[in-house]
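All chains are identified by letter, namely A, B and C, in their written order; residue positions are counted from 1 within each chain.
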Amino acid sequence: MTSKLIFEKSRAGRFATAQAPLETLDDLLTDSDLPLEQRRSRSTVLPEVSELEVVRHYTRLSQKNFSIDTHFYPLGSCTMKYNPRACNSLAMLPGFLGRHPLGPESHGQGFLECMFELQEMLKSVTGMSGVSLTPMAGAQGELTGVAMIRAYHRNRGDLARNEILVPDAAHGTNPATATMCGCKVVELPTDAEGDVDIEALKAAVGPNTAGIMLTNPSTLGVFERKIKEIAAIVHEAGGLLYYDGANLNAILGKCRPGDMGFDVIHMNLHKTFSTPHGGGGPGSGAVGVAKRLEPFMPIPVVGRDGDKYRWMSEADLPLSIGRLSGFMGNAGVLLRAYIYMRMLGDDGMRRVGEFATLNANYLMARLAKAGFDLAFENRRASHEFIITMKRTAREYHVTAMDVAKALLDEGFHAPTTYFPLLVPECLLIEPTETENKETLDAFVDAMIRVAELAEQNAEAIHAAPVTLPVRRLDDVQAARQLDIVWTGSEDAAA
Amino acid sequence: MPFIPHTEQDIADMLEAIGADSIDDLFDEIPESLRIDGLDGVPAPMNEMAVTRLMHDRAARDANALSFIGAGAYEHHIPAAVWQLTTRGEFYSAYTPYQAEASQGTLQVIYEFQSMIASMTGMEASNASLYDGASAVAEAALMAVRANRKSKSRRVVFAGGTNRTYQKVAEAIAGTQGLRFEESPFDKATGRADPAALLEGDEPPVAVVISQPNFFGTIEAVDELTDAAHAVGALVIAIVNPTALALLKPPGEWGERGADIVCGEGQPLGVPLSSGGPYFGFMTTRQALVRQLPGRIVGRTRDLDGKTGFTLTLQAREQHIRRSKATSNICTNQGLMVTAATMYLSLLGEQGLARVAAASHTNTRRLSDTLCTVPGVSRRFKTPAFHETVLQLDRPVAPVLEALAANDLLGGLDLSEIYPELGHCLLICATETKLDEDIQRYRDELARVMGASSTLRDAS
Amino acid sequence: MSEVPGDLIYTQEHEWLRLDDDGSVVIGITEHAQEALGDLVYVELPEVGQTLSSGDGLAVVESVKAASDVYVPIEAEVVGVNAALADAPEKVNEDPYGEGWIARVTPADRDALDALMNADAYQEFLDNLDD
């Protein structure tokens, strides 16, 4: 398959006429008062192609992707579970798609009722007191959370608290977010068993502590066992606890961040509540808060007066940290999460945590038995776990990245590599609850084949992948000779 | 069990392999006191048939209105192919393309998108998208501070007439980093930003935000505004409507030097209104500032065999590598929306998009002219507009809109809360989707409502 | 084994410094540092005239998988930068102690350099890292 760009298929004078107004541009602009000096003169790269060419081009491109619908996708910390088709088709009913965000509440009661009920369900599964749905991705949810913590302290007149504690195993968005909120990041070490180092925490907290950002289960794939002690230490010092919901899938229906002592959490609806990842979004980073942070929630929030639903905005929440989007966030994503939660119901929520955990522990047990090295061999897996290829890297010069690429040739998407940074040559593996035993067994078999190949023929693994549309790409050239916008050349620079 | 494939036999075999007696045993590291038994706030499960019934009922309650609301989100015809292709599982259920070899489809789509949007805005570099237009402006302001090393200022001026919600969002997102946002005055007769007033204030701004068209739909004198901002050392952030770019001069050509950062709301390009999201923000810039761009960027390169391929590039700017020193905390963006926009732009092409823009422009003019034949209605600004314009009513707008909505006609956005200084003003929009009979219907309904409510008329 | 020239002084963050006769100091990153980073794709240089305190970031060196700050271990003013790196960051990989130098500074207090490591001490420091 060639990788011709849509622009290279363009022919002057050919366009998908059915899609545009029928009148010619000249006719349409006969009486226009647009000033000539503001008119566009330079043409664009937009292609002139037929509808069939567009359909074929993008259908073929889609076939160059791995996806949940086509491949097992055990990408740790990303919760690549099946995205039920009904969630998509029902969220795309014309009544939902056609509703203007500034349309009157009278013409949005159906949508608003879904959103109100989604808020209530999310409160229930997280144990929080209030929920705002507006953050548009996990990272924006994080920003919201830290901004609320900051606003809370400032509202009490406590201006000194500008330090956010972040474990060294945390996702990169945590420290990036704290900085974006004007806070200073203080890193906390992790102990040998994967828990936060309590002594280091005690030494780090103080009058400047605004809060701590934690993921539980952590990015190391283990449950933070001392969570209640951590909560007590941070609260005692006057700080608040922020829960990064990246790994909420592991404990869904089994335990709740609110009960652990967290004051604010964000949820990745595109992970736990099965909205699609879409090749990199849209996500949704709804936030939940404890009572004391409710006044600071981002707006709008959906409220109910009698049997009428309405937007709550500046007038209802004068201390709100404000607006994060032009309207109300990723409404269509929220609808998909709502439909998913209604289909699973209370029983289904519990089973998510249970079977995600069962699958991860099963896969971990089988891989350990096959001779792979676990990062934390004395621990239960949460919904994910880490193996380290350190030994293979040392003995055969086959790295975690090489293993990842070889797995692609085996027909499996690679696990997450080189994250968390703490564990050398790591593969973070998250099977999710929607995969069956046969798939997990087939993945173990593939891992064994790759490990054997590493021993016998490292060269072959360094060459992988060989079955995909391209082989390993030159990232150095990509960065040094930046080619990010097409300017007419058929291929990348040689 | 919905979406969980395990048989009883599977469960037994798996537990045996693990060496556990029950699934509950797998949670034994969680303190007993934290474990819960049941969720009060989540209703019982529904099967697909039941949930389909429920959602059809809910959606039907919101349907059937004829809408003339714009104000940042626009109803355009979306070719059927766009969402049929976009929701193919290979796009819909893929992750961020970190494993480039297994993501060439998504990566090439983004490269094509970057090329299209850069060309439309007249800039040299683009990222793979941001969350929406409003948050893109916040990111643009932060980027301007990083890029404008010569300026010590943290003051960002929004040219009067720029969407005030965007300013609020910028304050919420970037205000905590010490950025100050101010709005310069606009001319109440023309609805345009005043170039002289743009630069008033205690210190020269680090950046100036200019919209084309502005929130009122009015065409701004962008060359003058851009040059005025550059003259005091500010960077120019352009906010543009992507449909309008088919007819209007691209920001890269504004004034002597062109805008420095261009951003905007991508929704008009094939994304449904859908109550406000998911949409996407776009951002383009000059080559010299490419390393200051937030978010993901796709580059074209070669593989081991010399074959052309695509990969994420300049990743060292991003949070997963740079952590607390990243250009932004953004991680997931709006990839699927960009996929839809790329297909939309391919189907329409330059000619098609220009027709959509021109038809919207012409329809809005026609709508405005027609509605102004109703007594008590007049055009607020006598300046050219793109596909939105402001009407002045002789009475409060809210009751009029309410009466129209009772007949399933959404007449526009009441500006009196956002712009109390304008009095009884209404922002209207008619895209290419509106027919002559729709416009006529609006006129008739408005005449009826205004006639019936003439008692509401006040002195203004 | 990385090269550690005997005529330079070193920091624990793997910067090298060379005191020139005119009293200015040239700063770069060591062979060990460039090896650990891999192929560099970008070097963010400071501006001439900038004054920096000890421990401030002087430059950022970026590979496809990492970005690292280059620190200045003494209070100093930037008097020159290696502008060639803008187009050819690979010079840092190819010749870290020569054409891959990063910036030239004037130290506020030359005695502050005495606290840094000589080549032997840095070599020992590197040897201990490998354990």
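Basically, a residue touches a chain if its C-beta (ideal position, glycine included) is under 8 Å from a C-beta of that chain, and two chains touch if they have at least 3 such contacts.
Note that the structure is a prediction, hence the values are computed from the model and not measured.
Novice: Using the definition of touching given at the top, classify the network of chains in this structure as line, ring, star, complete or other.
Specialist: complete
Novice: Which of the chain pairs holds the record for C-beta pairs in contact?
Specialist: A-B
Novice: Based on mean C-alpha positions, which chain is nearest the centroid of every protein C-alpha shown?
Specialist: When every chain is reduced to its C-alpha mean, the one closest to the whole-protein mean is A.
Novice: Suppose each chain is reduced to the average of its Cα coordinates; what separation in Å results between chain A and chain B?
Specialist: 20
Novice: Please tell me the distance, in whole Å, between the geometric centres of chain B and chain C computed from their C-alpha atoms.
Specialist: 44
Novice: Taking each chain's centre as the mean of its CA atoms, how far is chain A from chain C in angstrom?
Specialist: 37
Novice: Specify, in ascending order, the residues of chain A that touch 2 or more different other chains.
Specialist: Residues 475, 478-479 of chain A each touch two or more of the other chains.
Novice: Scan chain B for residues touching two or more other chains and write them down.
Specialist: 313, 316, 321-322, 325
Novice: Chain C: which residues touch two or more other chains?
Specialist: Residue numbers touching two or more other chains: 41-42, 62, 64-65.
Novice: Going by the contact rule at the top, pick out the chain A residues touching chain C in the complex.
Specialist: For chain A paired with chain C, touching residues are 418, 475-476, 478-480.
Novice: Could you pull out which chain C residues touch chain A in their complex?
Specialist: On the chain C side, the touching residues are 39, 41-42, 62, 64-65, 89-90.
Novice: Under the definition above, what is the set of chain C residues touching chain B in their complex?
Specialist: Listed in rising order, the residues of chain C that touch chain B are 41-42, 44, 47, 62-67, 69.
Novice: Which of the residues in chain B come into contact with chain C in the complex?
Specialist: 149, 291, 313, 315-317, 321-322, 325
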